[in-house]
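Presented sequentially are two complexes of chain A, the first with chain B as partner and the second with chain C.
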Partner chain A sequence: MNTDKHGFKAILLRHETILLFVVLLEWLYFNSVGPRFGSVDNTFDIMRHSVEIGLLALVMTPIILTGGIDLSVGSLLGLCAILFGKFWRDAGMSIPLAAACTIGIGALAGGLNATLITWLRLPPLIVTLGTFSLFRGLAEAITRGADTFTNFPASFLFLGQERWLGIPAQAPIFILVAIGIWLLVHRTTFGRSFRAIGFAPEGTRYAGISVERRLAMAYVLAGIIAAVAAIIYTSRLGQAKADAGMGYELFAITAVVLGGTSIFGGVGTVHGTLLGVAAIAVLNNGLVHARQPREVAGMLTGLLLILALTSSIISKMLASLNARRQTSVTKPIIT
Partner chain B sequence: MKKIISLLLVAGIAFVSGCGKSDSSNSGSTTPDGGKKITVALMPKSKGNAYFISCKKGADKAAKELGVDLVFDGPTDPDPAKQNEIVENWITLGVDAIAVACENREGISTALRKAKAKGIKVITYDADALPDAREFFVNQATPEGIGFTLMDEAARLCGNEGEFAIITASLTAGNMIEWQKHIEARRADKYPNMKMIALRPCDDLKDKAQSETTALLSANANLKCIMAICSPGVPGAAEAVKQAGKTGKVKVLGLGLPNENRRYVHDGVTDSVILWNTEDLGYLAVFAADSLAKGTLKTGDKTIKVGSMGEYQIEGDSILLGKPFIFNKANIDQFDF
Partner chain C sequence: MTKSFGAVRALKGVSFDLHAGEVHALLGENGAGKSTLIKVITGAHQPDGGSIKINGESVSQLTPASAHKLGIACIYQQPALFPDLTVAENIGLRLESASVFRKVNWAIRQQRAAELLKRIGAEISPDAEVRSLSMPEQQLVEIACALGAGARIVIMDEPTASLTQKEQHLLFAVVKDLRASGVGVIYISHRLEEIFALADRVTVLRDGESVGTNKVGEMNESSLIKLMVGREVSAIYPPSESAAGNVVLSLKNLGCAAGGVENISLDVRAGEIVGMAGLVGAGRTELARVIFGITPADSGEILLNGQRITISTPKEAVAHGIAYVPEDRRRHGVILEMPIAHNMTMAIHDRVFPGTWLRFGAERQLALDFTHDLGVKAYGPDAPGGSLSGGNQQKVSLARWLATKPKLLILDEPTQGVDVGAKSEIHKIIRRLAKEGLAVLMISSDLPEVLGMSDRIAVMRGGTITAMLLAKTDAHEVMAAALGKQN
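Presenting the complex of A and B:
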């Protein structure tokens, strides 16, 4: 009976639960100040505006779980957006074919990161810092910084701007990717090994797991999803330009870390990341409804991050103190 | 542990209910005389930019005079999607009119069309969107206005005769070519004794403008005036004239921002900095948005009456701010951008 109670408490004190409370509080607060905040239209606005960063955060999660990082996803989004425009406008491809080619490019770009990281054993931070500049530079070189792709057909703009079955048309893609990555990370042995790699890469290798293959998979997946995000972004804005998605990698990383994933790897969940994305998106949107200036959003996101991280650490410390007080000293501490 | 949770919950509830109160106090969105208060949302290209902060000064003035609720918001980071997101937020927020200085012509148009479809009045200022995405564009300066003012001012400084040279950004920049055409037209028409002896590109760099001007000064002893038509060119040319010890003998004027040229204007190196009055631009943008929302401004109108500033001309769908503004020793300190 004690364990049952402990289980309930443990769930309540989990980082994700605290974050869920934060999102709910944000929601309640903004709903009380902004008369239109809670409207269906606004809820869909929040969803539409956070799909691209949300997708990047989702694929960033397995990477950070392995103790890695991918700084190049925002730049890759930009590169994929203008290549998509080029395939469609200059190469005369149909939209689906252009999209398929763009996703192929995304996979190749992710493959480049993966190769450098797994074959040459270079630190992911350095590799993706390099490709961060490379991809953006390529996008700027191809368009000379000025060429803008626009006048996409309405059937394509539907994806980013209209509703399908009553919800934003891009939402199903996001939901599918979210479910897919959740299942991968939490329900397959393949995905569970991401955390093992983050905990102890050498140990994982000795356990007979091909660390390289799993790492490569995480980075290629990031490339593919960055391309998907680029297509959705282009559709939402109705234009593709070399500066698309600038700074998105940092928003994605913020959401992942806010969601409780340790930046050193090994610890974290996909649903935590989703809550992290929600907390930031609701805050950004809600401040407009609260008639607060936009620059407050950055400040509050930072505060939220610090608060969420310290509160979960403090509650963990308190829990372990409690456990120590209640049980005999010899028993191991459960965290 | 329970204590902490319950504390958190209590704090949360107190927070929410406390905020609920502030809502009821400002829910009165009507003016004292009972009419519905109009909300105008004004967006700069980027929020920290001193140019737009100056626009906002004028916008605030207009909002105060008209009694409209002014929302001023814009991107704080370089993400091109931000302007769209802000417009979409404003649509949901239910503002009456939107005025945008567009960073991405095509990109922003999708969001502005959406606003129009929802019955929100849309205008652009400073930088236009696609024409079908907005009702009016508040045009701060026509190429003709800029070209004529530059030439008039140069002629005035030179006493209507003598040699002058132009520093441009690049020989291929479309807007500069357009301005040069009007400068030349004005010269040929009004000042036949003025002679343009050189046109030099400075690649939009202050350093290069300076070295080009130095070369021009040593090669042309009779040069009376340097006209820089890109903003880094004006302080660049001024620095060259100052270092050559020709302050006052060779006049400097150009298109630029007050802050970059303040020092040279006070030192008497640069005589005139030409741009438009950014405060008036903000004022006019808010006024036009309000008039459109109230229905006093309609497509096809030829003029718009603007409060304390009189009447403004409308050409097609652009509201003209009128003649460029000349910043000189007498007035430059009133502006900070």
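Presenting the complex of A and C:
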């Protein structure tokens, strides 16, 4: 039966599969062009550089599944980085305590988004556009645009710069978050509710599901993970400035959409998002090895997004054409 | 004239004529075919058969644009004006010839608007923003547009539904003026007194057929109601087999200002089907939404099995064992993009998925059980809700709520837009549920359905219950109560 989603042809035509091929092609191409591209060191480099955007893309996925968006995560990363530095240097907290407080701040900031969206019933685009400015503005006000936090202890820099069990030290955190979000979206009733809200928010309410609570959960989670990303970012660069994570929200959204999640909500997967992150990260790193100017990266990312989306739409059209041809012949019915 | 939608024939050979300088009232139950007839006349729908003649000339291929040119204008309950533009601009948009680049002559536009408004005796400034006008004032602007377009046929669809007494009189005066100036008016209303005050002739539609055109002077209220209801309830409804048990739901002076319902007192017993009749807009769906916590009550009490409860969200209603199969199946009842299995478990996540972890096997089994039990025709539990026919979608919606094992089931138009076969299947299911001891509150605009299925009938009008009738009542009585008439 053609409608079987586990058929070989169906898997081949799935968006994630197409994207996997794109990533592999990118890899093969850059490996043939840049001699050092395929090395273990460079692979870990790609990982290190994509962890923060990857984290943001992971938590953006449930939000976009509900039909929402969070433009504030990049700015929140900046604010959290600054506050983390502030807690450690000026408030004299230990690194673990400062990290815990920073994560608390992230949760509060996510809570602010959630409150405005669910209580005042404002569109997420407008709310997070507001907090996008607010969080960045706060970060700049706190540092007066000049203060930079540096000289973190080596034990903290280990997290962002060293290896642990042979892999970049921040990778285990990313893997844990990825598994957590994957389970949340694909294996729990929360994920089911996110999708339902994305398809029909009113219909979900009529089914007795608390739409507000589910939405709040998605935005608070985004705030928490943005704070985690801020700590990793600070550790990787060894410094925290007010412009940390500038523009990251757009990279994250691009990765999610590239990964096949519908911007209208309801449809999408976490593994798609991971592939989206990989496609962008490999492209950006590979272009350096191919000795291309940096501007090309943005252009190609855009092109990649458009190509990936068109190809998956075309394959979907083909699939539905096939399905129609099939069902017109035999119509299996269960009664 | 005939018009079919899919398998449903909305109009079956209706003949209708309108003279110049006449007010011709159109009357009928909800779903009798009034709206369809209007849509055919205004060119929004193409008839499948029959002909339309205007001034003796046969008109074929009527479109909204050509109907407009022929002088047909329709004024709906909700005026279709641009709220942010002024009255003069709105009138100008309707009446001035349209081309891409054209200079607006503001003086002429202003003057014409003022003249038209004066002609209908409306004291509205042409410069007023439409947003600032009341509903009747907006209707007057619509009438002005119709006049300005030289309309010879003006259709008014329940124009007084939202008007106060005073505003009605103003509107009546305008309608009488229109008639005096030779315009033919088709007047649709549920309010019988208006028809007697205004109309010259009246045509009654029933089930898509015209059951007679009469001079208003020859009719009285009772004979009109008889015409509207007409047929006897046929024996196609399964007989009631259950004896009513304890009171499950008891409403005491329940009200909700935001929902437009007030002072509702009602008991529903276990094993009993209470039908809710009334016209569209009588507040029946609004009452269901209050009980289900979508628009929570702000006065009165809800008692469930004798215990006072408060319900402020649908989640709480579900927790108390209240289920609501909503009227708008495609927006609220079923999530069309989701597999029917997911739809069926939506209200029982806690029960099928303890600890929030999805259990696909249990879900699939539950969906298979319900598809089998209710006779849902779909290719499997993975079929998206949108791929099913209306009747089967309704069964999915029903399955979702039966899965919650409710104490009280509220059905809102359970067979609306459902084909005849599925309709009688749904009726059998409802009967069976009542027999098993479920308390059922069934809202329906289908009068034979209410009469055939209910043990008792509550009639609503103007946001409150105006009559409680026993099962063996006749349609005439229900309709009279819904229209607010004592015989």
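As a working rule, the second predicted complex is superposed on the first by the 319 of 335 C-alpha atoms of A that agree within 3 Å, B and C clash if a C-alpha of one lies under 4 Å from a C-alpha of the other, contacts with A are read in each partner's own complex, and residues count from 1 in each chain.
Definition applied: a residue touches a chain if its C-beta (ideal position, glycine included) is under 8 Å from a C-beta of that chain, and two chains touch if they have at least 3 such contacts.
Note that this is a predicted model, so its numbers are computed, not measured.
Visitor: With both structures superposed, pick whichever of chain B and chain C touches the larger number of chain A residues.
Guide: Of chain B and chain C, more residues of chain A lie in contact with B.
Visitor: Looking at A:196, would you say it contacts chain B, chain C, both, or neither? Reply first, second, both or neither.
Guide: second
Visitor: Is A:14 touching anything from chain B or chain C once the two structures are fitted on A? First, second, both or neither.
Guide: neither
Visitor: After the superposition on A, what does A:188 contact: first (chain B), second (chain C), both or neither?
Guide: Touch partner of A:188: chain C, not chain B.
Visitor: I'd like to know which partner A:316 touches here: chain B for first, chain C for second, both or neither.
Guide: Neither partner.
Visitor: Should A:89 be classified as contacting the first partner (chain B), the second (chain C), both, or neither?
Guide: After superposing on A, A:89 lies clear of both chain B and chain C.
Visitor: Touching A:210 in the superposition: chain B (first), chain C (second), both, neither?
Guide: Second partner only.
Visitor: Between chain B (first) and chain C (second), which does A:271 come into contact with in this model arrangement: first, second, both, or neither?
Guide: Neither partner.
Visitor: Give me the intersection of chain A's contacts with chain B and its contacts with chain C, in residue numbers.
Guide: No residue sits in both footprints.
Visitor: Mind listing the chain A positions that touch chain C in their complex?
Guide: Touching chain C: residues 3, 5, 187-193, 195-196, 199-200, 202-210, 266-267, 331-335 of chain A.
Visitor: Tell me, which parts of chain C touch chain A in their complex?
Guide: 294, 313-315, 317-319, 324, 326, 331-338, 342, 346-347, 349, 353, 356-358, 368, 371-372, 375-380, 382, 400, 404
Visitor: State the interface residues of chain B toward chain A in the complex, per the touch definition above.
Guide: 1, 4-5, 8, 12, 15-16, 19-20, 22-23, 27, 47, 71, 73-81, 84-86, 88-94, 104-107, 109-110, 114
Visitor: Using the touch rule from the top, collect the residues of chain A that touch chain B in their complex.
Guide: 9, 12-13, 21, 25, 28-29, 32-36, 39, 41-42, 45, 48-49, 52, 148, 150-151, 157, 161, 233, 236-239, 241, 243-248, 285, 288-289, 291, 293-295, 298, 315, 318-319, 322
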